[in-house]
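Following are the structures in question.
Each of the next two complexes has chain A plus one more chain, namely chain B in the first and chain C in the second.
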Partner chain A sequence: MNRVTCTIDGQTVTVPEGTALIEAARALGIEIPHFCYHPHLPVAGNCRMCVVEIQGSPKLEIACNTAAREGMAVRTDTEAVRAARRANMEFLLANHPLDCPICDQSGECLLQEYWDAHARHASRLRDPKVTKGKRIDLGDDLVLDQERCIACTRCVRFSETVTRTGDLVLLGRSDHQRIGPATGARITHAYQGCLAEICPVGALTSRSFRFRKRVWWLEEVDSICPGCATGCNVRVCVQDDTVHRILARRNDAVNRSWACDEGRGLYRELAAPERPLLGRVAGRPAAREEALAAAAARLGSARRPGLVLGGQATCEALLALVRLHERALPAARLFHVPGPDPGRRAWSDGILVHADKDPDTRGVRLLATCAGGVEDGEALARALADEALDLLLVLEDDALGRLGIPAAPGVVALAFHGHRSAAAAEVLVPVAGCWEQDGTYVNAAGRVQRLHRAVRPAGEAVPAYVALHRLGALLGVDLGCSTSEAAAGALAETISGFPREVGPEGVVLPPPLDGGTP
Partner chain B sequence: MPNRPTGRKRTLAERTYLLPVLRDLARTGAHLVRTVARPEARVTVEYPEVEKPMSPRFKGAHRLLLRDDGGPRCVACMCCAMVCPAKCITIVAREDPEDPQEKVPVRFEIDLLRCIFCGYCVEACPKDAIRMDTGIFELNAFARQDLVHGMAYLTNLAKDARAEAAVFHRQHPEAAPPGFLPDEPLPVDPEILARPRRRVPPVTRE
Partner chain C sequence: MAPRILTARFGVPGSHTLEVARACGVYADLGRVLRLEAEAIAAQVRASGLRGRGGAGFPTGAKWGFVPPPERRQGRPVHLFANADESEPGTFKDRVLLWHDPHRVIEGTLVAARALCCHRVWIYLRGEFRFLQERIDAALGEARQANLVGPDILGSGFDCEIRTFRGAGAYVCGEESGLLESVEGRRGLPRIKPPYPALVGAFGDPTVVQNVETLANLPWILEHGAQAYRAWGTEASSGTRLFSVSGPVRRPGVYELPLGTPFRELLEGCAGGLRPGRRLLAVLPGGSSTPLLTAEQALGATLDHECLEALGSFLGSGGVIVLDDSVDPVAALANLTRFYAHESCGQCTPCREGCGWMARIAARVAAGEGRQEDLVTLEDLARSLRGRTLCAFGDAAAAPVLSFLETFRPAFLARVRP
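And then the complex of A and B:
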């Protein structure tokens, strides 16, 4: 592709031909203010906030819809540009209800930020403000306030190009222009959270997050969504050791700027009432250490143990289990039961949602190769029916539920969810959820991505690799997985070619590890 | 000689101490006569039977104001909780489909044990919902929890003695009168509100 070199505010930048000035400026670290432009939506060019001065051009041009050309000299901070931004902000805010105290966008609202940075004017409006619909129920997770809307049409373009549902339209003209549902019906698609997230003002807000926290209190931790094998990059918003919402994190190779509503709602699993927070031994609540000791005693005396590698476990935990097999339980048989857990639908939509609801199935396959192969669900069902196993260690997945087996004798479960295998377990060890631990997932496309701990594990839970490391210690072997760093290092040592550092965007597995798609 | 910082020799009158003592006795006596003759000129008050007038700017215990329709003015924007240097304000917000203002506080607590009475919360409030104009400075209670003022207490005007009693009775239900409902908004007797506070006239110093 041809590359062009242009000058923005005196700095020279070389970008591919066709790159919008707004992106060229971003490459230089110059942020041009904008409402309607979004890198993953078609350009509308209607907010007029990103105007810049181009040498030789008689009028100001919008930076979102002007491609960088060879030798172009652009200035983003001249008096003409500043005056245009000021005037633009005055128009945008003329009828704004200014209900920032009750608006959830407050604190991450572009109107607030740009007024402060570029306008700082007082209202000159003498007529009463135009009133429009407020608190409109637009969907299960979406509330519309038409007064706050600046008609940037990001949501309309999202509905047209991403979900392709076309269920939002711009209605009316002039100062009566507003966003509304195209057919009057509520929005039913699975990306309502994206609409609330891309809205640059408080017109579209998420019902599940509405009024729960002010955004300036939330700390954001970069992590990965455990909802399916796509492995969307997310930001986990935390205050007081509690996850309050999940936002998408931009990763052009995985999820662009989006995340589905199912994934956004997964933080509720951390506080689900059925989640085990304490260990259990033979139906009696037990401290974690007691449960681990009971598990170690049973594993030590088992003659025909089976170990289930779970697709919801991190690669670190899977490695710990494989090492436990190698070093302490060579007689054990390894199984993997593909998903989804009962209660979850194996659906996909071609946008983000993957039919495989386990975030780390590829990780299971990698570690299975390491361990010399695993047996499938059918083999496990047969083994259980023939009573060929006297103990079954289940790592995270609901192996019994997936096979439709109500109960099995001698189940040791390391469980985050309160699923059937956890309920049927003789020994239960509570383990941390995805956002409660550091770890690694390999998504369906073979991209290695790292989780970061956003909150402390609830109750007695610890990351599964820590629990397994302790189990190994009780059985007299060192698994080398006591911390996330040690476990990640062990992964890179064990699987040759497995990346040690993956960075915020993840790393695709190098050949030959990348072979085969699920 | 020690005790003579000026280096001046004491006079006989000073050395006897008699004249200064008599002079100060005369001053005390004059005050006594004057305050007996003109009580309004007294600079001291017989607190707690009599209260001194408070400056209108005095920052006392907080109260939450109500809208004309009776709902709380507070929209739970959390500005006061944000600005509070003592972190003594706890607010939990909720959406109220009935309420015209969308967002209402379900919990609003001020921990007066932590409060430093700086008044930033009043400054920060965009709705003029919180004020510190009750003039109440006598903050005492039988239990720490009684000085954590909740919504009901704050909106019902801490001037009401019955509100104070109700706070106590919440903590000690065994001592509560029959029919006391701990979760009900505290009763405000209009008669109590109308009752003028005992005040001495403003002090005018010569």
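And then the complex of A and C:
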């Protein structure tokens, strides 16, 4: 692959041949303003905001569709460029409705930002503004405001090339042009959240986020979606210990700039009414410490215990359970029951969604190897039917639900969801959801990715590795997993080659560390 | 005496039929030309200095030179489109040419196709030209029957199929990439370039789009030779072309003249001068997208690329719109801006927002509700359009605004409040 060297604003940069100037500039830390360009969508070149001056070229050129060439000299800061940006902003804002006070995009709107940075003009429009449709119900989580639209066509290109549904199109001509549904029908695909996200203005917005929170109050925490084994990178947006929305986080190797709607909505489980926030012992609510003591007592006296490694648990929790097995319950049988939990459908599309709805199945396999192997769901079903186990500790997954078993004696559940196994448990310990803890998942491609705690665990929940560490202590063993740092360190110690530090893009481990089938 | 290259068969009864066309010499040289090497044809065309007659005036031979030769096409076919979208206000010569002499146009496309090693030709007609499509399809039917279109034309070994295709009514489909989008079944939104159609055109294949008048010149050039063509016209504008003359002249219509002819001759000699009692005010020499010439400029001008460009305008489509002193320039501009506002495809920011805005200001000014600051805004908007749009439509829309404001400033100032 040839590389070319050019200068942008006097700075030199070398990039692969064919790289667009807008990306070459980004490599130098120069952000060229733009609306329609998106690194994961085909180039449209219609917003005309990213114009730059190229030595030797009589006209300004758009940086998104001009490839860097050897010796090219580009300037993004000349008077001509500034004048063009000002004029462009004037055109964009001429008919734009003054919706800022009621528009969800406020605070993260490129029209606002670029007006401030590149225009600062007052309107000289003396004619009525062009009006179009507002508050159009476009999809289950999608609201369209045609007046706010700047016709950048990101949504159209997304519908053509990502979902391949072609259900959003341009209608009409001239300044009466509008974005709208192709056949008048609603959008029904699973990526409506992406449409709201890629829209640079408030034309496409998420109904679930509508009027909910001004974005400048939100802090963003990098994390991973727990919805399936793809492990899309996300940003959890919080204020006051409350999650208000999930945004996609770019990772070119995992999810590009996308996240599916189902995954975006899972954080609502944090406040689900059936979520266990207190422990339970023999049918009565109990404080967590009491529940842990009861669990320890049951485990201590069990002669034929079974432990279920859950694909929804973090690697840290799985490690703690494997250490508990090794150090306190060596006679216990280990199981893994693939899912999904009842209530989730094992569906996939060719885009992001993986049929495995557990985010850490690979983590289970990795830790299972350390433990010397696990038995599968069939084996567990038989063991329960044969009454071969006198205690079953279930870590996070709804093992009973997955096996279709209504109840079983001697269940100790460490659960985030209020699922069947939790309901049937003699002892229930509430554990944190993925948004409430630091942790690690290994996705379906063997990529190790880090979760970061966005909100404090609700009620009496704690991360499962903390609960297991406490269980170990009560059983007289030190599992070394009392904090997230300790647990992460324990992973690196136990699994040779497992990284201690993982950057924001994760890291793919070579087999057998990727947890793939042997 | 200038040759009638393009209008030779105008006025001959039945000239659109194969029998009459052939009797008048159409297709007479085709068998020989199709047996030439492709490069030999291209060389003649280059040497002739023929330039596009659609509006941009790009040298035809050079345009063909952008298409990769057969050995460098990775097996992709080349497509040739004869552009009959003719929507530039003031232009009506392509429809007349196709109506009276469809066989000559067909012959011209075959010559071009041979030069490009192209076997698929489309004649793209604007949506409103259903009557023309019928006539051309009939001509194509005759031509196929006579082994002039289709496989092994006249035993030359050259295959070429020609089809007509009708758009759905948009000026912007005359822009070559807008045309290609239309042909591919999409809305006629021009494409960003690069890539250029010569490399990635219709269906991703190398493509040439050529105005029908341009193509109609080819048989004559090949028959009489490049030098014979160069004997007419000027250094940079060889040959003859069709002029569409409209306005308060005695004889509006389509006239063929050598390039370089004084405008006076077109106006007075061909079109009979202005109607009684009218005085020349200004002229749009090449369609509404070309800057105005004042009466004085026009009467001193010759109709060729060099002279018109020196005067700050250009030859464009040859649509000569004559304005006399009964024209209200403020109303005329309102009319023109409304056209561009209606036809803007809406894709890029400056044109989408600017054309509508300019049209509204111009209408308000024409209605007597304007202020001086509106004229400032209007001029500003037009300047901001020029050179900043995705295709040349932006320049086309800006041209009349800037030109009228400059040429008729007193009239505009008189129409607005301070």
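Convention: the second predicted complex is superposed on the first by the 511 of 518 C-alpha atoms of A that agree within 3 Å, B and C clash if a C-alpha of one lies under 4 Å from a C-alpha of the other, contacts with A are read in each partner's own complex, and residues count from 1 in each chain.
One rule holds in what follows: a residue touches a chain if its C-beta (ideal position, glycine included) is under 8 Å from a C-beta of that chain, and two chains touch if they have at least 3 such contacts.
None of these values were measured; they are calculated from a predicted model.
Peer 1: Taking chain A as the common reference, can chain B and chain C both be placed on it without clashing, or not? Answer clash or fit.
Peer 2: fit
Peer 1: Determine how wide the angle is at the CA centre of chain A between the CA centres of chain C and chain B, giving a multiple of 10 degrees.
Peer 2: Angle at the centre of chain A: 90 degrees.
Peer 1: By the touch definition at the top of the document, which applies to A:V51: first (chain B), second (chain C), both, or neither?
Peer 2: Second partner only, chain C.
Peer 1: Should A:N2 be classified as contacting the first partner (chain B), the second (chain C), both, or neither?
Peer 2: Once the two structures are laid over each other on A, A:N2 reaches no partner at all.
Peer 1: Figure out whether A:N95 sits in contact with chain B (first) or chain C (second), or with both, or with neither.
Peer 2: second
Peer 1: In the superposed arrangement, which partner chain does A:T12 touch: chain B (first), chain C (second), both, or neither?
Peer 2: The answer is neither, since A:T12 touches no partner chain.
Peer 1: Of the two partner chains, chain B (first) and chain C (second), which one does A:Q177 touch, if any: first, second, both, or neither?
Peer 2: second
Peer 1: Report for A:K59: first if it touches chain B alone, second if chain C alone, otherwise both or neither.
Peer 2: Second partner only, chain C.
Peer 1: Counting only touches as set out at the top, which of chain B and chain C does A:R135 meet: first, second, both, neither?
Peer 2: A:R135: touches chain B, not chain C.
Peer 1: So if I take every C-alpha atom in chain B and every one in chain C after superposing, what is the smallest distance between them in Å?
Peer 2: So the smallest C-alpha gap separating chain B from chain C comes to 26 Å.
Peer 1: Sort out for me which residues of chain C touch chain A in the complex.
Peer 2: Going through chain C, the ones touching chain A are 170, 187, 189, 192, 194, 341-350, 352-357, 360-361, 364, 371, 373-374, 377, 380, 384, 387-390.
Peer 1: Write out the stretch or stretches of chain A touching chain C in their complex.
Peer 2: 43-49, 51, 59-60, 62, 65, 67, 84, 87-88, 90-92, 94-95, 124-127, 130, 150-151, 170, 172-177
Peer 1: With touch defined as at the start, can you tell me which chain A residues reach chain B in the complex?
Peer 2: 100-102, 106, 134-135, 210-212, 214, 216
Peer 1: Can you tell me which positions in chain B touch chain A when the two form their complex?
Peer 2: For chain B paired with chain A, touching residues are 75-79, 82, 93-95, 101-103, 126-127.
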